[in-house]
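Take this structure, written in structure tokens, and hold onto it; I'll ask about it next.
Chain naming follows the written order as A, B, C and D, and within any one chain the residues start at number 1.
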Amino acid sequence: MTTPERRFVLSLGCPDRTGIVARIAGFLADWGGWIVEAGYHTDPDTGWFFTRQEVRADSVPFDLEELRTRFAAVAAELGDRTEWRVSDTAERRRVVILVSREGHCLHDLLGRIGSGELDVDLRAVIGNHPNLGPITEAHGIPFHHVPFPKDSEGKADAFAQVRELVDAHEPDAVVLARFMQVLPAELCEAWSGRALNIHHSFLPSFAGARPYHQAYERGVKLVGATCHYVTAELDAGPIVEQDVIRVDHTDSVADMVRKGRDIEKLVLARGLRSHLEGRVLMHGKRTVVF
Amino acid sequence: MTTPERRFVLSLGCPDRTGIVARIAGFLADWGGWIVEAGYHTDPDTGWFFTRQEVRADSVPFDLEELRTRFAAVAAELGDRTEWRVSDTAERRRVVILVSREGHCLHDLLGRIGSGELDVDLRAVIGNHPNLGPITEAHGIPFHHVPFPKDSEGKADAFAQVRELVDAHEPDAVVLARFMQVLPAELCEAWSGRALNIHHSFLPSFAGARPYHQAYERGVKLVGATCHYVTAELDAGPIVEQDVIRVDHTDSVADMVRKGRDIEKLVLARGLRSHLEGRVLMHGKRTVVF
Amino acid sequence: MTTPERRFVLSLGCPDRTGIVARIAGFLADWGGWIVEAGYHTDPDTGWFFTRQEVRADSVPFDLEELRTRFAAVAAELGDRTEWRVSDTAERRRVVILVSREGHCLHDLLGRIGSGELDVDLRAVIGNHPNLGPITEAHGIPFHHVPFPKDSEGKADAFAQVRELVDAHEPDAVVLARFMQVLPAELCEAWSGRALNIHHSFLPSFAGARPYHQAYERGVKLVGATCHYVTAELDAGPIVEQDVIRVDHTDSVADMVRKGRDIEKLVLARGLRSHLEGRVLMHGKRTVVF
Amino acid sequence: MTTPERRFVLSLGCPDRTGIVARIAGFLADWGGWIVEAGYHTDPDTGWFFTRQEVRADSVPFDLEELRTRFAAVAAELGDRTEWRVSDTAERRRVVILVSREGHCLHDLLGRIGSGELDVDLRAVIGNHPNLGPITEAHGIPFHHVPFPKDSEGKADAFAQVRELVDAHEPDAVVLARFMQVLPAELCEAWSGRALNIHHSFLPSFAGARPYHQAYERGVKLVGATCHYVTAELDAGPIVEQDVIRVDHTDSVADMVRKGRDIEKLVLARGLRSHLEGRVLMHGKRTVVF
């Protein structure tokens, strides 16, 4: 793997009007900014404008902080509803993964990180079962076992412990890799826009529990998976990525579970990559994924 | 197109037990039956056995009627819950298509029939709007315009007229090619197992009206279509075929509609072919598609 | 179908350097140009920059001619290797289709045009067999039968006749919808960048004749289709669109042909749409499809 | 994971004629054999018949050896070109994996084995680089590092060493998980029908070295992977499984490599599962995959 060149990544959403592209491009051009990737999108229904741009870090005479300061003035011109951020690809993204007993998504992410494909700073894996500890630690990653009792008080304590463990790392992404516990509203709020879940169905079909069983009962010819941001409404957060795989009458529920796992892994890995590269802009219940 | 050799197609479902395959295969072998295609399936959940077999018509010393008579004795041995049928590929399947204003599925089916790909006896097209009449008639197919008033009495009259027009042809398939009218329960019953609908979503997501609008609102990353048998419960009949296509944030509702149409056409054409070839065996809400 | 708003479509390719986005966006912004869709791409290997932008026609105080004149000055600043064009969505694209005996792609395109999905000015269909005349004329489109003799002189005469028929319409696209005749080099040259072919394989696999037979022999598990620009080198022109469909051991060559046709239709329709909307920019043997 | 019930798996290929299904089914029925899965296929081009059947082990009054002995008599009746085998799902399949430096396929297989999804007896991993040793051993699997010198004599020695290490385990599958060394003809022969390779292209496109670079140069819109049996002719063995993923102009070679890896992993895992379950029957250059 060669080291990719360092880039500043700028993303922005604001009410659409004439001249936004020119204003941002002009700002960058004035300082010699070399744009290596640029995405623009206008949503005609909401009248909202979105952009994401990657600029070669060595092409502008700033560091990240100064770029932020200077760009803030440009953003201010675009109205007070403008939302924007600027990041630096040289800062590795911090990630924490939450798991339960099933390991396929965790195995997949550890493999991607171990092979260098996904270049992130995986700070910790937290499991409500201990079984995935050894493989996590074999990859040199700390594993925390936080048991989840059935009673609501015990569960609240467990979530408090998880929150403390997670927040200590100030992660850019909290990945629910088949975590199987419903996050309380305050955690959804605290991790808003950073908590990614993988749901094992093609949402909105088969939300809730045992989606493969539901799919089997209904006799669908495809099963799927959905990576979405976690919100207080269960399985209803903005969707980042989805995919499906064909099944037929020869597939038992166990076969659907097995085939579906491959899609879960892919969809979660793609969704996480898009999130960490700053490619996902949320707007209401929908996402723009550049 | 070369004429495919004539075949007898046998399909059967019954409670599973030891020796069914041997009994049927033995019966055919005793008469020299040359099996050119055979599918077997056992559903462990319901304990039901399914099979479909194609036999070269010239390999057995019977005509269709005698084969039916003789096979009835075999089927009887398999228990009184056994369901079976035998058909002859030399008898062209009769089809009636119901349409509304949107023509993409009709255009597609007419093209398949006109090019010889789908070798069926299309008896009539019935539309509740007149606009698809000319293209239907250009293919040499009779078109009947049956207007559907908004009031329930007028609608009942219109359905009675449609039923008469359809039933006159004793069709093997009644295809609702984006018909957009909900069949009354008595028609669902009368055409049970013969009426195929194409729904413009990946069911069970977005049942009911305006599925592409629903899909857009939810921000899904794939849209799809579902071919299913019509039952009294709306959009809940046994699914024959489904497929999806990728969409993203650049797709407006109109784009989703356009992309979705291609999937609707494919899914309906595949589902109809499977139905007409006797490949679809229903069992409860699920289907076996050999 | 609602009429989409009128737009000017600008596309441009030139050697990459700092400030191109700002220059173009600045030009548009100076005249109040409202960008509704914008794509940018830089190819790091060739150092080439590509863009395509759609501007609301009523947002700029120009007609098409004046926009061209004024933009020419901007393009000139970007260097003498710059290639660009500006078009007007209000001018319907002119299309001529060439066919042989197989009608599935023609049926599909006629259906799309007839239903209003593909809003083009189809000027003529030219066939080297007469069988597709009636359906073409049923859609109100002129059909010309130009027989192709086997001898090279007769073939040259036939091509001369085809060329005359085509060029009379100054088409934006010449669609080889399974035309099955190899265009002579001078026609490839004359129609360069306008002639689209559909090849019935996933190129570069199975170039040349009888690709489905080749695919069957090789035992591949997917068959596909490729829409590409026609160049003098057979089946080697820049690829616009490709797709595949799964096959297995139960599929005979005839089954592969049937399944493949569905992919041919889709791939050709998508490729043609992209071409007509000015979304395809060629660079060497590769394409950028915005 | 519940333990699946024990089954005997019978597969057979022979020249087609009337009565084969009846003969085999009759044999099983006579002994009370409960068929839980059955596949039949006739290839009209070669006139060859194929079947694979799974029988509940507890339904027949035999052990594996006696079933083999008794079935041999049935097979003999079907002609001397008949090829068949009977296996027992209770005997775990032995696997050896060969790797080079790239670990994505190995990580994936280790994850599937570690999570119990792929229930095999992985005896050893052999690498011509040492880097994948630690993760292999973290899964409790022995790792052997066999360096491959550049000179042909050194290479021959290395292959001799690999062969010894592999053959000691009498594996049911030798998996070349991106091994990147061309097997000598005698090893192709020795491991015939047991050595599975994953090639990182949609064969027959882009055989040989650097397929993603070739794909990039050609400008294809999909990249793929192929799992095939290793034969003496490079990248030309019978194909077991293939799949593809969409790419576009924004994908550099490195992006294609990354996206392609996901397909390589899936295709290899699916191909290996089919092989180990006895679902793949070879016939010439083609495969039947039940």
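Criterion: a residue touches a chain if its C-beta (ideal position, glycine included) is under 8 Å from a C-beta of that chain, and two chains touch if they have at least 3 such contacts.
Just so we're clear, the structure is a prediction, and the values are computed from it rather than from any experiment.
Listed options C-D, A-D or A-C contain a single repeat of the B-C interface, assigned here to A-D, on the basis that more than half of the contact pairs agree by residue number. In terms of the distance between Cα centroids, subunit A is separated most widely from B. One simple way to say how far apart two chains are is to compare their mean CA positions; for subunit A and subunit B this gives 41 Å. Chain geometry summary: the mean Cα position of subunit B and that of subunit D are 37 Å apart.
Of all residues in subunit B, those touching 2 or more other chains are 37, 44, 250, listed in ascending order.
With chains as nodes and touching pairs as edges, the resulting graph is complete, every pair of chains being joined. Subunit C makes touch with subunit B in their complex at residues 37, 102-104, 107-108, 110-112, 114-115, 117, 134-135, 138-139, 250, 258, 261-262, 266, 269. Those residues of subunit A whose C-beta lies close enough to touch subunit B in the complex are 41, 43-45, 50, 202-206, 217-222, 224, 238-239, 241-244, 248-250, 252, 285-289. Subunit C contributes residues 18-19, 21-23, 25-26, 28-30, 32-40, 42, 44, 59, 246 to its touches with subunit A in the complex.
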